[in-house]
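Everything on this sheet refers to the single structure shown next.
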Amino acid sequence: MFKGIKDWLLNLKNEGVEKVPDETKREFLKIGLIITGVFAGGSLFSVISRVAEGLASSEELHKSYPYKPHYSMVFKIDRCIDCELCMEACRKTNHVPDYGWRTMILRRYDESALDQKTMFMPILCNHCNNPPCVRACPTKATYKDKKTGIVRMAYDKCIGCKTCMVACPYNVRYFNEEKHAVDKCDFCWESRLSKGITITACAEACPAGVRIFGDLSDPGSEVYKLVHQLAKPVWVLKPETGAKPNVFYTIS
Amino acid sequence: MSEKKNPVVTEVEVTTFSQIWLTSLLEFLSGTRAFYFLVGIAALVVLIAAMFAVNAMYTGYRHAYGLTREIPWGILISGYVFFVLTSSGLCIVSSIGHVFGVKSFMPIAKRSVYLSLVTVVAGFTVIFFDLENPFRLLIWNILSPNLTSNIWWMGTLYGAYLFFMALEFLLLLLEKHRYAMLSGLLGLISLIAEVAASSNLGAVFGMLHGREFWYGPYIPIYFIASAAASGCTAIIFFTYLGYKITAEKMDRAMELSLQAVGKIWALFLAVLMFFTTWKIITGFVGGEGKVLALKEWLTGKYALNFWLFEVGFGLLIPFFLLLISGFKNLNQMFVASVFAFIGIFFMRVDLVVVGQIVSHYFEFKVTDFPVILSYKPSIYEIMIIVGAIAFCMMAFLVGEKVFKGHKTEIH
Amino acid sequence: MRKVKILIGTLILLLSFTGIAFVSEKNKGESVKLEEPQEVIYYESEQFGGPEIVYVKPVRGVLFSHKKHVGELGFPCESCHNSLFEMQALKSQENPDFKMEALYQGKYCGACHNGQAAFASNTKCATCHIGVKGLKEYMRKLASKEKK
Amino acid sequence: MKFIVSRTRVPLWSKGKPCDEAVEEELTPLDYRMVPSIQEAKKKIWFKEWWEGGVNHREENGMIVCEKKQKEKNWVIEINTHEDLIKFQEKYGEIMNLDSPPYKEVKKEIRILRAK
């Protein structure tokens, strides 16, 4: 008991992470990750695994993932070329109207950067473990799927108060007029995963292998291997909100 | 008939018309038949606003309102906050008298209870046209409640409040002494519901951990203080107008009552000044997103809103007018309340909009969104707010006539 | 009679106000939708010897800039034409082998972008891949130039 | 001289007598309106209700006034001498003397600030 607390305190000491709430740190520790420091101007965090030190065995590790399968996506963002085939595939598969989007590619542009000045950054719903939108919804129209951890919508319950849209730190929700409800990415659960397909439409459409989709609780999966390694930085967007996203970013 | 086509004559008619209109407005304040004219205009505005609202409903809010997925809450939510907090304030301030039994606050109670009902109904009307599926709310609020959601608590508590307050008002109308205890108890229940609802409304904003500008315990507390201030504003504004219409001589008890309200108002204005000051000062040492929002609020597009309307109209002018009036000169207090009403509305607008204007991905130097997003209310949104204000005005005027100046005191 | 006048006047005022507001609101219209992304040949300036070319096959939005290669780096035309690329712009995207694999084998851009003469073809993706966003930017540039 | 008696605080659960001596009496409220003459009052929206709701209409100090037909019940005491007033004060603690709401029978109100 006390040894655990001592270890935890020791781990806290050498981290330069003033902005992260304690719960985030603890949660990351739980899943065998620690936040090692600030990356790229304070906005990105690298999370790398300390499986060997933190936990006895990999079985113990994936018990600590709250969902089975624990769906997750990893972006190798330096490979993204903004061909927007993923967005097209998403529109077609999930009938997303032209005024909205479930996934998008943002263009980061920095004139003062050395050499390459552009970087594309795909975004979609982060399917957070502590989703602000789910807490805010008055009618449970948006909910965290108990089995898969996917943040889904019950369209007929949506009253259209748009609180979830305000609550979301990632701007991944929009109001769909045809459905008369807020719509968002559900990792293609309705259109594909529930029908036995194991990969989302966007990940399938990507020609550059940017989007890697899989089960984070399965040590054999690619996402697991990409997240649980030391060699390359892995980070999530806006960790300071404490939403604990399940979408990770890394480089190839 | 042929005269009307002559442009010169029309011009003359227009000037005389505006003169007549102005004199009517002044006449109204002395309680002549211009009263009916004003009720008619208010009704007309409500009707036109209703046409706009229904039109917006049919065309779809995405087309009708100036809202985007980045800024999904606009002045309709601000308007809702404005009305329900005014209602809360009326309830809080008047309950000092009719719930806690402080004699000097009793004369204002009846009018306050009525206006509290009116403003909460206006608030609900406004939010009805903001919700995309308001009818689903009635079903799923009961069948599938999310107890962690502040919106749920807020909606349910305000619903309960409306119910209890309506009952209480009915009992007050009966003017039977044997109901006094019951109405007092109802008042207590509705006060509790109201305070809980307002702080929950604050928590709707304060508990969004993705929004730095709002997040924290600040807004729920601020909303209670702010509600009390706007309640005092409303009491002074409407009581003054009410006495002008009925031309009654204000008795000493009523005067004392308004003076007491004025003192409480000054106190809460001071509290709000502290709140605003420390909100800004603490914000500037916070995260980058909050600093950006604050900068936009204080020096950017919202600077006029902040300095002129919020600080000037909403806080400083009423405060100094109150001090000058010595809490005795009712005319000055009334002018203060007019300024404060305008200021408070802008406070609500800024609170809601500024919390959303910083782009989600500003820190990544993204070219797809500007760092500061923009929001401009559409004519539909403005008309719905105008309609709700006209509704309150109309209900107030009709109330003065029907309930004869809310004369009888609550015992 | 006076009351009637006031009432009619107010009515007209309100109605005209709403009417104006309504019309102005309606005239705003929807924002112009960008047409489907298409390939772009955009002449920035004649002195660079060639246009800015944005390929759309096999993926959309890959830029070859004459401005960069001829204007800034000063390569003569002969270094690419007609050995690596034909003079006709966008001709090579019709070839079935115009893919990243070909570049890694030293064809097309890969002749120089091999990690020695210039950065390797499998690095710094977003330098040449300007994406649909970049493509649309060039389309807008082209459209505004054509208007002039 | 008659006074209305009241207390600064009326708890919810006790709406009884404000003091032992008080008796409940029906009083006739006066309805003052800030209009110089009855002629002018005829234009006002409240005129009918004012006219029909009261009797003995008259002009007074640049105002018009009538006695309402609807009586109001109130707690009243009678204190005639200064000594009685002092005694009353000694019995009930601090008191405040103020103008009562306008009644025909009573003009002043005694408010007991704090019961001893």
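Order of writing sets the chain letters: A, B, C and D. Residues in each chain are counted from 1.
In this section, a contact is a pair of C-beta atoms (placed from the backbone, for glycine too) under 8 Å apart; a residue touches a chain by one contact, two chains touch by 3 or more.
These are the chains along with the protein names UniProt gives them: A = Twin-arginine translocation pathway signal protein; B = Polysulfide reductase; C = Cytochrome c7-like domain-containing protein.
Small disclaimer: the values here were computed from a predicted structure and weren't measured.
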item	value
Most heavily contacting chain pair (counted by C-beta pairs in contact)	A-B
Euclidean distance of C-alpha centroids - chain A vs chain C, Å	31
Centroid distance [mean C-alpha coordinates] between chain D and chain A, Å	72
Cα-centroid distance, chain C relative to chain D, in whole angstrom	84
Gap in Å, rounded to a whole number, between the CA centres of chain D and chain B (Polysulfide reductase)	35
Junction residues of chain A, two or more chains touched	107
Chain B (Polysulfide reductase), residues touching no fewer than two other chains	367-368
Contacts with 2+ other chains: residues of chain C	133
Contact graph of the chains (line, ring, star, complete, other)	other
All chain pairs that touch each other	A-B, A-C, B-C, B-D
In the complex with chain A, residue positions of chain B (Polysulfide reductase) that touch it	60-62, 69-70, 72-73, 130-134, 136-137, 140-141, 144-146, 148-152, 155, 204, 207-211, 287, 356, 360-361, 363-368
Interface residues, chain C side, partner chain B (Polysulfide reductase) - complex	2-3, 5-7, 9-11, 14-15, 18, 21-22, 24-25, 133
Interface residues, chain D side, partner chain B (Polysulfide reductase) - complex	6-13, 15, 31-35, 43-46, 49, 63, 72, 98-102, 109, 111
Chain B (Polysulfide reductase) residues within the chain D interface of the complex	30-33, 35-36, 99-104, 177, 180-181, 184-185, 188, 245-249, 251-253, 256, 401, 404-405, 408-409, 411
Chain C residues touching chain A - in the complex, by the definition given at the top	33, 58-62, 124-127, 129-134
